[in-house]
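In order of appearance the chains are A, B, C, D and E, and numbering begins at 1 in each one.
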């Protein structure tokens, strides 16, 4: 049980990390971006590409399983993912934005997600890949409780990112512009906000977060062209549980999803595990149709 | 009848079956604005419901009632209605993306039940050897397919007529009003929750009907038939055809399915053998491109929303 | 050569089986290339048409229908998943009287369908059913002295039936099964399943999986301190799996596969694969796919005509029996063509060793026990038909 | 007096092939308050939107202080020292009052923004009371105040208002109008659309009367208020007793 | 502009119910609606007598719209009760309140943006047979007949509101003032016992407003009860029999128009120097 809880929290933190980027773009650009998952995958593969090009997986930074090269590769991946997001926005979302029906963008993202996933498949092949072939053996921290250092790292990183992002949204002008754009693009423009500029930054931040999530996922699990796609549901569940646009909410949502999955297996047949986050989601939405925390970008204050 | 004609018959059976699903979705999304992303779940309930009722008795399975096919399909539809009622009561308060994720989750859960509830659904193995209606009366599989195409076409035509008539009456206006502004509709004496539930159930029942027809044709169901990708395919059909228009729904179903099938054929013919194994990915890329390009250049789909709902308003 | 014969194949190139699908496709193509080099079938060049089913029955059925009706293939190779093969069989190949040979669909339902007459004899598969696999694995586990075994299996027809047979057999041999945990394919992580299975601290883990997901499960299992006594299903005999998990953790692992270890026929295949691909043919489905294609081609040659019914009726004439042994590769096929031309009986001994189809289209054959030695997949033991049957006998 | 805003033969609309404004010309001098009145659907809001860059001008020119600002991107209008308050949806309901004002001040330095916002609060004490509340909870009139307050933050030379008095209580109407008058005295030119024609004509210098996307009548407000044609068709009787 | 009233029609219910039968006494007693700590409506009691035009005025943020929402069922009451002709409607959802004969307009217009103006208005009548989907299959004749009558009436009301030129435009793409008129048109189409108008005049051209005043007077003569929020004092003064003044969630004055505007607290809170 203890192990299941620890595990749920830790795998929840990866979900949380992905969900932050999703909730942000969803809140500000006002559509459910189904292609967000592909940004996660893209980020993970870009880091792999950098690693294999530079050929380096130098000595890991104990006690973690990764070292400086992966951190550098992650930075490159963040840039590459942001570029991809900007390109997609320019080619697809921009022409679609401002259409009467904002779900047009959702459908556009269906299409984009198919495209990007298949391009990754063509570029990198379908087989599973890893950043490192050495297995990290979990440390026994208490009787019946084992934890991997990488997981602690993930948890810590998530916490740092959330706080930073929250401060960014609440305290900076760009953050305020993002929240204004989220509500009423035309009014934002009338008020002197260059919405294209804000949209660009939203993508850059969202995509960078996605790529970090992708790398961490690849680090603790594995790389395959479908990883993002299969993370999609937990990501959405987390974002919605927390209330769209609410970064703290996304983290809480991610943890709930992670915990629910890992604890549920102890009580119900594992075959139904996939349904558990949804049942929780349904329950929460039934009581609070806007998620646990009412969803507006930045969240927190009322 | 062989060759291309035989394939065409086969193709149309499948495409028209999907067109019924798309019409069901159209009534939900195109007219009422319900973002049902769990299409495949209701298709599955209709299919399994029919399969369990029509199937022969088997020792290790609970079902196997061996009922006549039409009754089994009706049973499958009734089951769908019940499921949609329950799902609808739980989720229809949610807006757009929220509803989408909730229904998506429900579809996954339905598929998991199909996968894990072995004694009822046959589990991962599925239900095998289901009788096909009136199969014995035909001397060749080809003529049987022709007959089945007739059945499916008549059903699709009936559904089209029924929906088109209903949608171009005040009922259609009611759906649109609920879609546009629920608060206003409520202040004008309508109960949007009831309207949405009604439409949701109706749409899902149509999906169930299509599921039943699918089972009758393939003679087999397994959880693999109901992967989430099918929901995406159905949505692509609706978008390409043009939501808010039943003709668009049919055109979209046939068109997208044709593209899907034809692109496979074209790729297997044109692509050098050494690259054949990339063909699948290219095919999916084509579908992705189709969706994106349609949205950009024909935002209302091939046919687009009918301008005025009620024919009486002209 | 100006005539052409098309052979169709429906496999999962994308979708959930993408990781293994395209290599399987290559194995089929290899057999056809070999045959073409040997002179083609009845003097005609064989054209291999591969279609993707994307892991979905609806796409697979449509692809199969195109192959049968438009490309006019007399024989269809595939699909991988039973859930795709079955609807193709019932709604495409049987009605059109086209022979279907699958490399990889292991569901018992095919046997049942065949017994009911539903396949009309058009169905064959070159991999053995799970019954003997489970028996052999359980027997070895008992010999090794494992007392408590946990089972984690992929939640598909393949996983479910192999896991449940293994459970029955192991329990008959006095082994305690501490839990049978299914996992759904392609999830973010299997930590929860692994933890659940770990609760009872079993001596060993029986893992029924495909290489990609299987590696994830195995890595998490080992990371969290699970026993390194692993029992592996046949689909895990793949370099990809060994590399992903790390060979050092697999020293105590053993698994089963349905190929003859040595013998000229197997070496013939391995060598020609290596020549074509530059690597060893380690991966699920390669040997069996090659054999599926080879059997189809030989039957066509034997029949002297390329139609489904003729192929169906001639498959048993070129396998089993008392004829002269034919091995994989160009030379083998040349020899076969010559013998057939002379009207002499042949007997295909394939990449998986001798093949015999029973009346339901199922194959029976010998097994190998694989493991990891010196960082590579290695063969630890072999079980011939007699030994397998003895084990089965004991479990009756 | 050379015009601050010089609009010449502007054609604009929502769809390219369906102009709503058919070649309209109008001027606003510095420190002048100009009113536009006209029936519902005459194209008043459409014109203002076109001037503010929300809609595309398909022909004609718009000059501000001699500079051609036709079809300048909306967000750069503020730089061109022009502010616009839309008729509907003119506050960010999910932001607090204070944040709404901050958005309006995004072109200013932080310190400058702060002092100007404080000045805004002095002018509209109601807003100060709610400064940390989401604007979504404000009443219709309170929103109107917020929108005007925000538009004034950047110290524009030309302020365009689409029905600033709609929904305001009589007390607030006179307050807002007083404030607009004071602004004009401080050097701001105002172009506003009003249906509260009586009050608008009373304080503005000149008035344009629109109908069907065209400029029907224009002239000094005082004169138009007396014009019988304008009165009967556009101003109404101002409420007959029953 | 047509000043005539839509003809009555027996099949869809007469557009104007026969006098006498029409009542519509709305009585609010101690109505409370709070948002968190904010008591937006804080114990409001008043009566809108049947057949009268009652005005509701007060400073911005006084709680007038909130009171409307509470009466119409949009908000659940936090205290007090609302009765329509003696029937408690305070706890009913909006669609039930409407069925009891109370219709309202929104201060910020809520047209069905994706429907034409005509459809917006035709939507209004309740209990249309065609709103049951099976009726279009089994009783197409009835549906068509009803629709014809419905359309005639809708057209007249649209013409009256000056919306004929945009009848076929989507209600989302007409001007702000026109959207307000669509609100009014829908309310008129509803033919209720009591009609709540939230600032019907704001944004409406004054000339058109005059004819709206006439219309309201005429409908009122036939027995329709009105409760009107409006800041246009000319409008209020010329129309209302009775005025209720609210400020900070409470009723601060009540009486005939003349009485009310003379009261110092009303002048201070609401009118300022702008007394008409």
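Quick note on the criterion: contacts are C-beta pairs under 8 Å (C-beta built on N, C-alpha and C of every residue); 3 or more make two chains touch, one makes a residue touch a chain.
Predicted, not measured: the structure shown is a model, and the values here were computed from it.
Asks: Moving only to chains each one touches, count the minimum steps from subunit C until you reach subunit D.
Replies: The distance in steps between these two chains is 2.
Asks: Strictly by the touch rule at the top, which chains does subunit B share as contacts with subunit D?
Replies: A, E
Asks: If you average the Cα atoms per chain, which one ends up farthest from subunit E?
Replies: Centre of mass proxy via C-alpha means gives C as farthest from subunit E.
Asks: Using mean CA coordinates as chain centres, what's the subunit A-subunit C distance in Å?
Replies: 38
Asks: Return the distance between the CA-based centres of subunit A and subunit D, expressed in whole Å.
Replies: For subunit A versus subunit D, the centre distance works out to 43 Å.
Asks: Going by the touch rule set out above, which residues of subunit C reach two or more other chains?
Replies: In subunit C, 14, 18, 21-22, 155, 182, 184 touch at least two other chains.
Asks: What positions in subunit A touch 2 or more of the other chains?
Replies: Expected reply: 118, 121, 269, 271, 274.
Asks: Any chance you could list the residues of subunit B touching two or more other chains?
Replies: 112, 115-116, 278, 281, 284 - these are the residues of subunit B that touch more than one other chain.
Asks: Using the touch definition up top, name the residues of subunit C that touch subunit A in the complex.
Replies: 14, 16, 18-19, 21-22, 155, 181-184, 186-189, 191-193, 195-196, 198-199, 211-212, 215-216, 219, 222-225, 240, 243-246, 249
Asks: For subunit B, which residues count as touching subunit E in their complex?
Replies: Residues in contact with subunit E: 162, 165-166, 168-171, 173-174, 176-177, 179-181, 183-191, 198, 202, 308-310, 312-313.
Asks: For subunit A, which residues count as touching subunit D in their complex?
Replies: Residues of subunit A touching subunit D: 173, 176-177, 179-180, 182-184, 186-195, 296-297, 301-302.
Asks: Inside the complex, what are the residues of subunit B that reach subunit C?
Replies: For subunit B paired with subunit C, touching residues are 2-4, 6-7, 10-11, 14, 112, 115-116, 118, 123-126, 128-129, 141-142, 144-145, 217-220, 222-225, 227, 229-230, 260-261, 264-265, 268, 273, 276-281, 283-284.
Asks: Would you tell me which residues of subunit D are touching subunit E in their complex?
Replies: 14, 37-42, 44-46, 87-88, 126, 137-142, 144-145, 162-163, 166-175, 195-198, 232-242
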